[in-house]
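Structures are listed in the sections that come next.
Shared chain: chain A. Partners: chain B in the first complex, chain C in the second.
Our next item is the complex of A and B:
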């Protein structure tokens, strides 16, 4: 355990130093991260106003609360491992990492958390500013705020595990980007990012609730804003844990097989 | 180096056959390959066997595509073999046990292990954590490496700002911070100028001697091998061609001696004595079959106005070149098996 602490401390130092080298790129990434939910928010606000104030009960300021929270959740949980892994594997950069006595995943976890920490410093004030612009209808209670924290952390872990597993497909498929694209379209739709799930037809919401994507984004958002009953909240946590357990098993299996495949074809 | 000890590296019948996709050119073939992938077997390493004793420095020679890198990758745990077995320090490399990885290092000349964007010293700190090197041991090793390689001013520079030679020095030092007992060095001097090459060579032999480390190194530069390795293993087309010391390699594969004579005055018809390689003023160089060297030398001394005469083995590069271009003579130990398809014809030996 202490070994892991030492490893992560060193990894964090390295990743912070590396990422600060590219402050310009960092800012561009952040702008992209912020723009996406702000665009959805603007569209839905406009729709709400043109429909006389609300869409299926969502007012413009409900949308504002939803999307500003979604902005924070997606910033905390997104990963870029699917692109990075493809690059590692295709360029052979994975090889030096495999002959070290430490699992490459640690490097990526550290990298990811560092990026989140550095960008949060920008995202947080932006959310404050946007709060003044969009006047969100925050309906946060003490218990939802408290429950939001584990829900957010589980969403981060779940998304990381699922996307790392997806990324491992690059061991078998040279052009894995097509699959990545498909994954992201499905994610955007079923996670509640493009539209809150309540606005989708009933059956779609039911399907989405059975799949992991909603647990990575929509669930923590709705939980914080008090849109879920205590039962729905408990079911949500259960689903997050179950999906995470499954994703971790899959991650281990695909990684082990993938490395074996990589070693078979010429690392 | 006593053969009684357990070898550091033990390789038996080790083989690697790659399956590579194969497709004829043309649209129709492309369409066909959508449904049925044609693959063919390419034998990269073909049943090789050798032992390396602890503390031995062995040069691994062969032209491009001979299977050197594939072998090093199998021994360092990056590749699964398709046949045979190997142990390094008692571990099966491709199981990649941490206990094994902590004791070995793999340096590939063109691959970067240091973090590109941060100062070298910070990358070393990361290695310290990954390999769990105790602080004091780390300081001591770094000081030693620093003294041997003169890293001082480089440590604070980001890796991307280093020249190729500087980077290679830093890569090597970084790969040795955990004091590995086995080193696999694949072209450690590739692309470096002569001075830098000499520096790296000196360093490797110093490190190996100080730490009693076992080294298996490939290089295109014969000077590397001559300076570092007493023993060489030659592979060609994936099969073991020769395993022994450098002198024996020359004795075995060079059928000629080079005789250089300095004459008092020019002489005609030197070709009576052997193949004339060059005539430069009063100095002539002849190539003479090894068996006739003594007799021809005696005749030269008796019949010509010789001022000076020397008999030497041809340069090692030339010998290696002969070995690779002449080809497929089986080795004492390795038994090349007839195989469906071999590695594509290698480029001319660039030794």
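Our next item is the complex of A and C:
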């Protein structure tokens, strides 16, 4: 356990150093991260205005609250492992990670959290500025704010486990870019990013509620904004835990098999 | 001029020959183009299930935007973007020397040297979407609109090229900038919707800072007949001025190049 603490601390320092070295890449991530919710927010605000201020109960300022929260949640939960793993495997960079005494996942978790802390320093002021621009209707009560924290942490863990499992596909398929892109499109629509789930057509909405993507983004957002009943909240937490357990099992299985498959190309 | 067209043709042929070795890339690009198109169409579907106009644009008009968006993305990613990416890599490694010693204009050479052949699929997809949109718009698209559209599209592509060249030229001063072109890529997403729907500050950014409005919204406005003549003239003026500025910047930049490893 203390070994892991040492590992995380060391990883934390090196990540900060290397990220500050490549500020350009950091800026690009941040622009992308901020722009996407702002695009959908603008689209839906325009729709709300054209319908006399309201789409199915969402006003422009409801959309603002939804998408600004979604910005924070997606900033906290996104990972880039699906690209990194492909690179690791294709270039043989995974080999040195495998001979280390700790599972490579720790390195990535530490990297990811450090990166989030760094970018949060930019994202937080941006959200404050956007709050003045878009005038969101934050109706947050004490219990939703409290419930939001575990929901966010579970969303992060869930997205992490699912995307690590997806990333392990690169052990068998060398060119995973098309699969990654497909995954992100599905994520975009079924997580509540393109539109809050309530606005999707009925059948799509039921599918989305059963799949894990909504639990990684839309669920914590709606929970915070008080759009969910206590029953829905409990169901949501249950779904998050169930999907997380399943994803961790899958992750372990695919990783164990994948590493056996790995032939260290290029090393 | 003929020399430069031949140069472009040679590189296109080289790119095709090179890519034919890796035919799975074709399949991957086909999947990616299909996924990209489906995303755009499903997005439109969700929006238009709730409204019949978005900021004054009807569904076929927005479909035309998707067409222009895909078309322009295909055009820039076919030659310009891969070439400029390679140019920036060359500056970093010092291998630009080999380009500078060639007896043609270096700016032209670095702009056409790398071809991603399969991106032409996006050009085809964009044209097909555009054709479908035009057939839905029906009689409202006349010859005048078509001419205005072509002029505005040409102006838009010229503006984007000059803009990307200016970004890439910065590599002469800041050696490690490999990601700067990706800034454009991530902002380009915003062009899938008419820029009129964005808040004023973002609209200004997308018009003047990153000229996506000129490349996508303005030509589409020309096609559906809602482009005002000041906007068209503005686009044309920018399409004349920006290449000159880019050229000047390139000339200044190249004097800074010292050949990192040579």
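Here is the rule we go by: the second predicted complex is superposed on the first by the 262 of 267 C-alpha atoms of A that agree within 3 Å, B and C clash if a C-alpha of one lies under 4 Å from a C-alpha of the other, contacts with A are read in each partner's own complex, and residues count from 1 in each chain.
Basically, a contact is a pair of C-beta atoms (placed from the backbone, for glycine too) under 8 Å apart; a residue touches a chain by one contact, two chains touch by 3 or more.
Source: prediction; values computed, not measured.
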Problem - Of chain C and chain B, partner touching more chain A residues - result: C
Handout entry: Touching partner for A:9 - first (chain B), second (chain C), both, neither
Key = first
Problem - Shared contact residues on chain A - chain B and chain C - result: 22
Practice task
Using the touch definition up top, name the residues of chain B that touch chain A in the complex.
Solution key: 18-19, 70, 73, 76-80, 94, 96, 98, 101-102, 104-106, 108, 111-113, 115-119, 122-123, 125-126, 128-132, 158
Practice task
Spell out the residues on chain A that touch chain B in their complex, using ranges where they run on.
Solution key: 3, 6-7, 9-11, 13-14, 17-18, 21-22, 92-93, 95-96, 98-102, 260, 263-267
Exercise for the section: Enumerate the contact residues on chain C facing chain A in the complex. Expected result: 24, 28, 31-32, 35-36, 38-39, 42-43, 46-47, 49-51, 53-55, 176-180, 182-183, 186-187, 189-190, 192-193, 197-199, 201-202
Handout entry: Residues of chain A touching chain C in the complex
Key = 22, 24-25, 27-28, 31-32, 35-36, 38-39, 42-43, 45-47, 50-51, 55-56, 133-134, 175, 177-178, 181-182, 185, 188-189, 194-195, 199-201
